[in-house]
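Chain naming follows the written order as A, B, C, D and E, and within any one chain the residues start at number 1.
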Amino acid sequence: MKFERNVLVGFLILSMLLGAFLQNDYFLHLLVLVLMYTMLASSLNLIVGYVGEFPLGHVAFFGLGAYTVAILSAPSVGVPLTLTIPAAAVVAAAAGWLIGRITLRLNGPFFVIITLAFSEVLRLLAGNWISLTNGPMGISSIPHPALLDMVPWLQGKRGFVMLGVLLAAITFYVGYRLVYSSAGRAAVTLRENRYVAQSVGIDPFRYSMFVFVIAAFLAGVAGAYYATYISFVGPEVFGFPFTATMIIIVLLGGKGSLIGPVLGAVIVTLLEAYLREFKELRLSLFGLIVMAVVLFAPDGVMGYVRQRFLPFFKRASHA
Amino acid sequence: MLEVKSLSKSFGGIHAVQDIDFSVAKGSIVSLIGPNGAGKTTCFNLITGFYRPTRGQVLWDGADVTATNPHSMARLGVIRTFQKTNVLRNLTAFENVAHAQYLKGRTPLWRTFWPSSETAAVKKEISESSFAILELMGLGKRLHVEAGALSCGELRLLEVGVAIAAKPRLLMLDEPAAGLNTREAEGLAELLSALPGKWVDSILLVEHNMNLIMKVSDNIVVMNFGKKLATGTPAEIQHNEQVLEAYMGKAA
Amino acid sequence: ADTIKIGVIQPLTGSVAYNGAADVNGSKIAVKERNAKGGVLGKQVELVIEDGECQPSKTVSAAEKLVQQDKVPVISGAFCSSATIAAMGVAQKYKVPLLSGVSSKSDLTERGNEWFFRTAETDGLLARAFAKILVDQLHLKKIAYIGVNDDWGRGGMTEFSTQIEGMGGETAMKLYFDHGTTDFYTMLTRVRAAKPDGVFVAAETQDGSILVKQMKEVNLQSKVFGVGSWATADFARLAGDASQGIHAAVPYAYTIDRAENKKFVAEYKSAYGELPGKYSAAGYNALNIIMDAIERAGAADPDKIRQALAKTDYNGPNGSFKFNSKRQAYGFDAVLVRLNKGEPEIVAQATVTADE
Amino acid sequence: MFDLFLQFVVNGLVNGTFYALSALGLTLIFGLMRLVNFAHGEFYMMGGLLGWVVTQKLAMDFFSGLLLVVAIMALFGWLLDRYVMVRVRDKGPEPGILLTIGLAIFLTNTALMIVGTAPQKVLAPVSSAPLFIGPIVITQVRLFAIAVSIVAIVGARLLIQKTKLGKAMRATFQDATAASLVGINTASIYASTFALGSALAATSGMLLGSIYVAQASIGGLISLKAFVVVILGGMGNFAGAVLGGLILGVAEALWGGYVQTGTVDMVGFALVILILFFRPYGLFSVRAERA
Amino acid sequence: MSVINTEAEVLLDLKDVVAGYGNLTALHGVSLNVKQGEVVALLGANGAGKSTTLRTISGLIKPSAGSLRWKGASIVGNAPEKILRLGVSHCPEERHVWPEMTVAENVELGGYLLKSKTELQRRKDIAFHRFPRLKERAGQLAGTLSGGEQQMLAIARALMSEPTLLVLDEPSLGLSPKMAFEVFDVVREINSHGVSILLVEQNVHNALSVASRAYVLETGRVIAEKSSESLLNDPDLLSAYLGG
C-alpha cells in the first residue's frame, strides 16, 4: 500500500523532472504517450483488476472524451481547456453509467462482447453522424490549448508533459482512493466471489457500477488529453487498435495493482519506439515479445515481481 | 425473529420445497435436517433471496421480506454460508474475514475520494475482530495463507468465520461440519452453542452430523421430499419412527 | 553526414498496408535511380521508412522520430488524410517540409500550412477533368453511386455527383460501405432494382475487385466507372472477367505512353516482378520531386528545401508537376481508362489544373 | 417489391450461413473451450492464404488443396496448443487473451512479410456465373459453399453432442480434474479441440477466399463478426451459432436494403446489445450453476 | 471386517513420497501400501495431507521424491489416464461432477475407457440400481443436483470403471446418515468381490468399521500404522489426532 503510493509518486516526480530537463522533443513525445497510456490503462485496470470483468469496449469512453474535447474546443465553440477536460470526463462517466446499466448485468464472455458491441456502435456512429462528428473525415480543428501558451516555459511539448503529469496524478489519486476504500474492498470481494459478496451484504450491481463509472471518467480524461495533444480526432479513437494496446499494457504490466499499468505503459511505449529499428519485423517481434511475456510471467511483470520479491508486499495490512 | 410460511419452490417438474413452515426464535438454534435432496439448501436459498419462492412467505421481525435480494437480507442481519465451499480464494484467511466486515467498515460512496474517509479506529477494530474470529475458528496459525491453499476442512471453518465476521443476527450455516473429523465437529458444536447471545442472536443450521445436531439444537425441523416430516426437540426427533426410517437408516 | 536522409511515413501494417507498401516501392525505385546517377548533392540518398499504420497517433510518433532521431530534413507521407493532418502539425512545429503524394482530402491545402505540399490529385480536380467525358462518351443519365465510407470515398462521390448533376445527370442513389466489406449483394440488389445507366464506384483494389465481381454475379448490366486503384494488374487479376469494359478515372496507369513512364514501369517490373499502380507512381513522383528540390536547394536544409519545393517543375511518368500558391500540384495528367482483357486502355487524357 | 424483399432475405441467409461457417472454429475454441481466442481471424486468414498458395502456386485442385490446408492447419493448431497454450491453462482468462492478441499480431504481420500485402484469390471449385431461381439470383459457387457450410456445421454438432470424443471434450472443459480421473487424456483433448478449431477456421477462410479474397490483414474483421455470432448463439451451442449467424445476416441485409448501407455493421452490434439485454446468456444456453 | 492377510500381493506401494503444490510441500515422505483385497483407511486431521496423498496416487500430482509402485512397477510420473487403466479409480474430494452435463452423461463418462457398449450399459444399470435417486434424475443437469446427490453421482462415476483399487476421498461427505451407511454397504459389497479400497474418511468409526488397517497422517507424515482393532483400542491416539 505504502510501497504502491511511493512508486506512483516517484513516477510522477520523475516524469516532471524529465519533462523539465529533457531537451529532445522525441523523448518528450514518448513521455507524453507514456502518460496518456498510463491514464488509459489505469482506468481499464480498475475494471479488470478490481471488478474482475473484462471489458473489450473500454475505448468507448476514451473516444467519447476525445470527441467531447474536439467538438467543444472547435474555434466556433471555443471552450477553453480548463473546461473541456472536465466536460470530457463527465460525458464519459455519464456514458459509463448508461452503458454500465445494461452491460453490468452480464458477466464473463457475455460482458466482454457486449462492451465491445457498444464501442463498435459508437465507432460507426462517429463515422456516420456527419453533422456532429464530421464522419470519417474527423475533426481536425482542435486548437493548441491557450492555457499552455500563456507561460512561455510551457510552450511546446513540455506543457503537454506537465498537463499529463497533472492528469496522471488525478488518475492515480482517484484510483488509489478507490482501491483502498471500502468500495474498493467491496469490489474485490465481488471479484473474488459473487456469492460471498452478496451474502455479506454487498450489492453487486452498485459497486461494479461505481467502479465502472469511475473508470469511464478516467478514460474520458485520457481521451481528452489525447485529443488535445494529437489535435485530430476521427472514428479511429473508438477502434480496436487502442483496445488492444490498452489490454496489452494492463496485462503485461500486471492487473490488479496500481503500479502494473504504469509499468506496462512504460514498457509498451519504449518497446514500440525501440522496435521501429526493426522495420518490417517490428510488429512480428512485438507479437512474439507479448507472447513470451505471457509465457514467462502469466500475471504480468508486477505479478512476477510480486512472486519473486514477496517480502516487499506485506499483505497483512490490506484491511 | 425469522418465520417462514408455506414456503414452496419447484424447478420444472421437481417440487424441491413444498409448504414448509417453521420459525426461529431469538437466542435459539434451529436445525433443518432431512435426507439428501430433501430441499434444505433450497430453503436457504429461498430465505436469503437467491431464489424466488413459487409460493409462500418469509417474515423477518414480523415484516414480509419474501424475495428480498441477498445483499439486502445480509443487511437485515441474515448471513449464510454455502454448501459448496465459497470463499475469496486469492485472498488470505485474514483478508477473507476482514473483507466480510464490509458492513462495519462501509463508508458512503461519495466519501470514497475524501481524504481520511476511513478512520483508523474502524480499521483497527476490523483488524482486531478479524484476529479474534480466526482464533475462535482455530485458524489462528493460518492467518496469512491464501484461502485457495487451505485444506477442505479448514475452508469450512473459514467460511463459518467469514459469516460470523459479517455480524449476523441470524446465522445460517449449510453443513458447516462437512469435512471435519469427529473431534473438530465437537469443537464446532461447542463453538456454535456458545455463539447465540454473544456473536449472533440465533442460528439456523443444516447438517448431517447427528451428534452435532443433537448437541446444539433447541429445535429440529425434519424435511423429506420437500415436505415437512416432523418438528420437535432433539429428544422428540430422536425417537420419531418416521424420521429414523427416512433419515437415520440403520444408525438408529 | 555522408548520406542525405529522407523520411517516409506510410501504412505498412493494417488494412491499407497494401497501398502503403506500393508507395514505398515506388519511392525506392526513385531513390535507386537517383543514387545510380550519383545521388543528390554528390551524396547518396537514404530512405528512412516508418510505419504510420494510418493512425494519427502512430503517425505523429513516426514523424517525431524522423525529425528528432533521424534528423531528416524532409518527409514524404502520410497516406490517410487523418494521419496526414496529424503529421502536418509536427511538420509545422519543427519546420520540416512534408509532401504527400496520396492524401486527397480537398481541404488539406486550404489550411495555410506552408510546410505541407501535395502532389496528389484531389477528388474535385479529378471530377472536373472527367465528368464531362463520362457523361458524353458513355451516355449516362441516371447514375448510382457506391463509395467506401471514408474521407476519400465520400469526397470522390460528392465531387463527381455534383459535377455530373451540373451536366444534367441524375443521381439514383448514394450508397456507402465500410472498408473490408466482403458482401455487396444487398447493395447491388438495390442498385439493380433502380436500373441506372451507370454505376460510379469509389473503392480501392480489394473492395473494388470484389464489388465488380459480384456485380457480374448478380447480373447487373449497367456501365461501371469509378475512381481508385483500378488501372492496375492486381485489380484485373482479382476481378477476372468481371473487369472487362470497366472505366476508371485515375491519375496514373502503367499503360500511359510516355518515355518517363516506360522507364519507370520497366524498372519497377524488374525490381518487384509486378506492374506499378497509382500509389507506386505517387511514391515515385514524391521522392523525385523531393530529391530535385534538395538538389536545387543546394543543402539538406528544411527551409531551403521548402523554398525549392515551391519552385518545382518536374517531369514524371504522368506529366509535369508544378505547385500553386497553396502548394497543391497541378499540370500533371490524369487518364480515363477502360479495362480490356485486364489491360487499362487509355480512353481520354486530361491535364489536372488548379485554381489559384 | 416482394421480389426485392425475397432477394434481400436470400442474400441475408447466404451471408448468414457464411458468418456461421466462419464462426465455427471459434464456437469450439471460445464457446466450448472458453479461450477468448483473438487469433481466430488470423487462422481464417491463414486458411485463405494457404488456399491461394495451394490452388494458384501449387496448381492443386480445390479439394485436394483443401485437404492439405486442413492438415497443415490442424497440425499447426495442435502444436500451438501442446507447446504454447498449455502453459496458460488454468491461469484464468487474461493470460489467454493476451497470448492470443500477441499471436494475432505476430501472425498477421508475419503473413504480411511473407506473402505481402496484396489481396489474393483462391481458385474457386465451381463457377461463379449467375444462376436464376425464379426472381432470385445466386451463383453456383455460393450454393456450393452453403452446402459445405451445412455439412461442416452439422458434422461439428454431431461430433460434439453425439460422439464419445465430443463428450470427452465437454467434460474436459467443464472439469478437467474429473475428466482426467475417468481416463480422458485431457492434454490431447485440448490439443485436438484447438486443432479442430483451427482447421475449421482455415476451411472457412479458404472457401470464402474463393468467393471473396484472401488477404494478410483480413483477420481482425473476421474475429469481430465471429465473436458476435458465437455470443448470439450462446457459447458453444452450434445450433445457436447457426441461428445467430442467420439472424445477423438477414438483419444486415434488411437494414442495408431498406435503411442505410453505410451502417450495416452497426446492426450486428446493436443486435448483440438487444438480444443480450433480454437474454443475458445468448439465444440458447443452459445454466447449471446454483448457489 | 476382513482379516489382515500378510501373504496377499501388495498392489500399491508408496515409499517416502514427497509432494506438494508449487513451493509448498504437503507430503514429507509418506510410506504406505495396500494389498490385494484390503480396505485401508487413511486418517488424520484437517490439512494433514490425506487428499494430497490420494492425488499423488492417481497421478493428479507428481511426487518430487520417493517411489510409487503398482504391482511392483514404478508409476511415478504416469498420467491419471494411465493409472486408471492399471485399475486405480479415484473419487475426488469436492465431487467434481460436470455441471452442464446430465446425470446420465456423467455416469456414462465414468466408463470412458470401456469399448463395449453392452458392458457400459450393464454397469450403468448397476449404478442406477445402487443409487435409485440418480436414476430418477438421469436427465437433470448435474450442476443442479443437491450436494448429497452430487456426492452419490461422484461415487457412482468412480465405480463405473470397476477398478482393482478404489480410492475414495471422504465418500460420506454431505450424505445423510442413512445414505452414508448405504455407501459403506456398497464399499463392503465391492470389497467382497475382491476390490481393494483406500479410504479417507472423517468419521473414524465409520471408517474403521470397514477398514482392516489404517494409517494415521499428521502434517504430511505417517505417524502410525495399525490394524483397525488395535487403533480402536488406542484411545490416546484416537483422541489426540482423530477425536474418537
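Here are some notes:
Basically, a residue touches a chain if its C-beta (ideal position, glycine included) is under 8 Å from a C-beta of that chain, and two chains touch if they have at least 3 such contacts.
This structure is a prediction, so every number in the text was calculated from the model and none was measured.
Steps from chain A to chain B, taking the shortest chain of touch contacts, total 1.
Between the contact lists of chain A and chain E, the overlap consists of B, D.
If each chain is reduced to the centroid of its CA atoms, chain A and chain C end up 36 Å from each other.
Distance between chain B and chain C, defined via averaged C-alpha coordinates, is recorded as 73 Å. Taking each chain's centre as the mean of its C-alpha atoms, chain C lies 74 Å from chain E.
Between the CA-based centres of chain D and chain E the separation comes to 43 Å, rounded to the whole angstrom.
Multi-chain contact residues of chain B (touching two or more other chains): 50, 82.
Residues of chain E in contact with at least two other chains: 144.
Counting partners per residue, chain A has 127-128, 195, 280, 282-283 as the residues that reach two or more other chains.
Residues 24-27, 29-30, 33, 127-128, 135-138, 140, 156, 226, 230-232, 234, 236, 239, 241, 272-273, 276, 279-280, 282-283 of chain A touch chain C in their complex. Chain contact summary for the complex, chain A toward chain D: residues 48, 54, 102, 105-106, 109-110, 112-114, 116-118, 120-121, 124-125, 127-128, 195, 240, 244, 247-248, 251-252, 255, 280-284, 286-291, 293-295, 298-299. Across the complex, chain A is touched by residues 12-14, 49-51, 53, 55-57, 60-62, 64-65, 67-69, 81-82, 85-86, 89, 93-94, 105, 149-151, 154, 176, 178 of chain C. In the complex of the two chains, the chain A residues touching chain B come out as 173-174, 177-178, 181-186, 188-189, 192-193, 195-204, 206, 210, 315-316, 318-319. Residues 48, 50, 69-72, 74-75, 79-82, 86-92, 94-95, 98-103, 105-107, 109, 112-113, 115, 117-118, 123, 126-127, 130, 143-144, 162-163, 165-166 of chain B touch chain A in their complex.
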